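Here's the structure, in structure tokens; my notes come after.
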Amino acid sequence: MYLGPILLTFVVGATLIALYFIPHHQAQEINSELLLWATIVYAFALILGSVSLWSVHAQRIRQRISGWPFSLVTLFALLGTTFMGVAWGIGEESPLGRFYSMVNSPLASTMFALLAFFIASAAFRAFRARNVEATLLLVTAIVMMIGRVSVGEFIWRGFPGLTEWLLDVPNLAAKRAIAIGVGLGAVSTALKIILGIERGYLGRTR
Amino acid sequence: MTWADRLLRLDRRIIFLLVAAGTALPLLMPVNLPISVSPRVEAAYQTIDVLPAGSTVLFSLDYEPDISAELQPMTIAIMRHCFRKNLHVIALTLYPAGPGLVEPAIRVAATKEHKVRNKDYAFLGYKSGFQTVMIGMGESIRQQFPVDFYGTPLDSIPVMRGIRNYGEIALLVNLTASSAADYWIQFAVGRYRKPMVLGATAVMATDYYPYLSSRQLLGLIGGMKGAAEYEKRMDLFGDARRGMDAQSLVHVIVAFLVILGTVALFASGQRGPAPRAEKPQE
Amino acid sequence: MPSELDTRLFDPGRINLLIGILLFLAFLIINMLRARAGHSFFIRPLAGLQALDEAIGRATEMGRPILYMPGLGDMSEVGTLASITIMTRVARKVAELGCDLEVPCYDPMVMAIMDGVARQAYREVGREHDYKVGSIYYVSAQQFAYVAAVTGMMLRDRPAANIYMGSFYAESLFLAETGNLTGAIQIAGCDKVTQLPFFVCACDYTLLGEELFAAGAYIGREPVQLATIAAQDWAKALAIAVMLIVLLLTAFGHPELRRILQVS
């Protein structure tokens, strides 16, 4: 029952690997074409997403599940933006474009700005000298926090140099080690999928 | 409950208030703390500075409003540098909300340096699909962007004359907060051998240090601090330098809170492993 | 690259990568043959995965849901594929114990696949009818809209356990810190190195980088799957050896060998 999808995965996966090594312009055109296909498939998946969004939130409103007014706002926004897009297009100056840049963008920026508060709160809780390793982490964190901003240089001229060393030597060494591990893990997972060893994505749990 | 215990259970809203005050005060009352230029930013500056006048620099400005505090001042500073050196600038964005930021940034930089649209720079606008666009531009820029952001055909834009693909581009500058940087390194640097300078958010920047040592990147500007360094190198006083005082004070507040938490921990006698979920049985 | 169209059938600058992939493939085949011949492989315990069962058990006892987040990656991200594998284990256990599972998704395609995986897991434990349609749902493909929806849900529904597995970006700390505030047991696994410190700070257990990819083999305990971990270890040993040799040769005045590590 799974032979068809596994074969398809193998053929597409092996083709894409081969295309990586073939710089011929026609091969690269095929590569671009395949990437376009992925975009088209994604567009169809968005229909599934919209259906899911609608059914989940409609159910929440019907059953008055906690937070249901938010679901109402979501569905209203879904219908409203769809209507704007269909009626007046999706250009920069269209109502949808303006809605995007005047409502969605500021909201996203506000959410991102909250990160500073979350970082401060997490740092206060996590950086405590419970043992030798945690103490090392704490001292390094303080040196980095002070040394990476102008005030560090104001306090001691050697701070920027010290933080550069911390970033360039211990930090980079650890990052490279983790990155090599991640890279090999990713190659291994990709090969397992292409060869049909890993079939979780087909819904097979064993 | 002792003072130490109370401090250890500090309501996080108090921390939030301190951070808010630490951000707002220096913006209202700037101190202008000193800034030194790091080797990575200096390398980025030099890469642009040595380009001969008339060379074309391609800017891929792949960010949206959420990241603009870090990357918008960077865009303006680097573009002003290019304009001062009489380099031609071609800009594009791979994010749908990008044009709303990129267009005013180019306009500000060009106005300050007395440069004219289409003669000194072109803005191609937004196109979706990272890899498709990057690979496609290797074949033909016109195929990916037949018209610019304002609807003018590329063939009618003087600054685009003779620019067919990456072959005519002297340098790629990518400012991003996403994996777009990885793709640009893979395609523009790897496949088409273009020199590249990267501007990234502070969180991301250290991920790209290995690319500097392998010379896949010629310069790296990280976060608002990097942008402030670039402004300093350009002898400008822009939004990044203005924001550095606030960033400094917030860092000091967080460092102070961390020290305070540790002092409270010692005073409460709760040292030892961090409390965490009970370990499950094998 | 010149403006002329490229007509080469092979990029010689990538020969080292090709050799690397072929070697990896060879390691994989050798270890799979060893596994078929009855060789047993050791895999060190991963506390984060061991904690999954406890977290699901705790949620069942408390009568609260489990929140499983597959990250913001799409189906081309290997981290997402690893997350799907871990989801198989979570869904089976949830189906066995009968607690609620909520999976808010960022990518509609990931949602569809997660839904298929969960249904199959319920079917395999004979509880197909207990599967709640709509428990795996699409939220938004906007990063911070997703954050707002999920953190809001965390604060309203107070899930007993939050499981973060996959590729996460700037939203990692928002989600993990809010989850920490609600007192949920939190288990994370992420392949994005930059985000790992945030998860380590705010979660009870964190799978670091490649541990996320090893999860499939660890969960299944199938010899062939474990063989892939052994192949990965061989590749890592080879990478270390090559780096050491190149480093020593460079130190002794033969930097030209560095070229074998350069990729075009």
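Should a chain be cited, it is by its letter among A, B and C, assigned in written order, with residues numbered from 1 in that chain.
We take it that contacts are C-beta pairs under 8 Å (C-beta built on N, C-alpha and C of every residue); 3 or more make two chains touch, one makes a residue touch a chain.
Since the structure is predicted, the reported quantities are computational estimates derived from the model, not experimental observations.
Arrangement of the chains shown, judged by which pairs touch: all-to-all, with no pair of chains left without contact.
Averaging Cα coordinates per chain and for the whole protein, the chain whose average falls nearest the overall one is A.
Rounded to whole angstrom, the centroid-to-centroid distance between chain A and chain C, based on C-alpha atoms, equals 13 Å. If each chain is reduced to the centroid of its CA atoms, chain A and chain B end up 18 Å from each other. If each chain is reduced to the centroid of its CA atoms, chain B and chain C end up 28 Å from each other.
Counting partner chains per residue, chain B shows two or more touched chains at residues 12, 66, 138-139, 191, 206-207.
For chain A, residues touching at least two other chains, in rising order: 23, 25, 28, 104, 108, 111-112, 119, 121, 123, 125, 175, 179.
Among all residues of chain C, those that touch two or more other chains are 5, 143-144, 170, 193. Of all the residues in chain C, the ones that touch chain B in their complex are 1-3, 5, 45, 47, 50-51, 53-55, 143-144, 169-170, 181, 185, 193-194, 204-205, 262-264. Interface residues of chain B, counted against chain C in their complex, comprise 12, 66, 138-139, 164-168, 177-178, 190-193, 203-204, 206-207, 214, 276-280, 282.
On the side of chain C, the complex with chain A involves touching residues 5-11, 14, 17-18, 21, 24-25, 28, 32, 74-76, 78, 81-82, 84-85, 87-89, 91-92, 105, 107-109, 111-113, 116-117, 119-121, 124, 134, 137-139, 141-145, 147-148, 152-153, 156-157, 170, 173-174, 177, 180, 191, 193, 196, 198, 200-202, 208-210, 212-214, 216, 220, 224-225, 228-229, 231-232, 235-236, 239. Residues 23, 25, 28-29, 31-32, 35-36, 39, 92, 100-101, 104-106, 108-109, 111-113, 116-117, 119-121, 123-125, 127-131, 134, 138, 141-142, 145-146, 148-154, 160, 164, 167-168, 171-172, 175-176, 179 of chain A are the ones that touch chain B when the two sit in their complex. Against chain A, in their complex, chain B makes its touches with residues 10, 12, 15-16, 18-20, 23, 33-36, 38-39, 64-69, 96-97, 99-100, 128-129, 131-132, 135-136, 138-139, 191, 206-207, 209-210, 225, 228, 244-245, 247-255, 257-259, 261-262, 265-266, 271-274.
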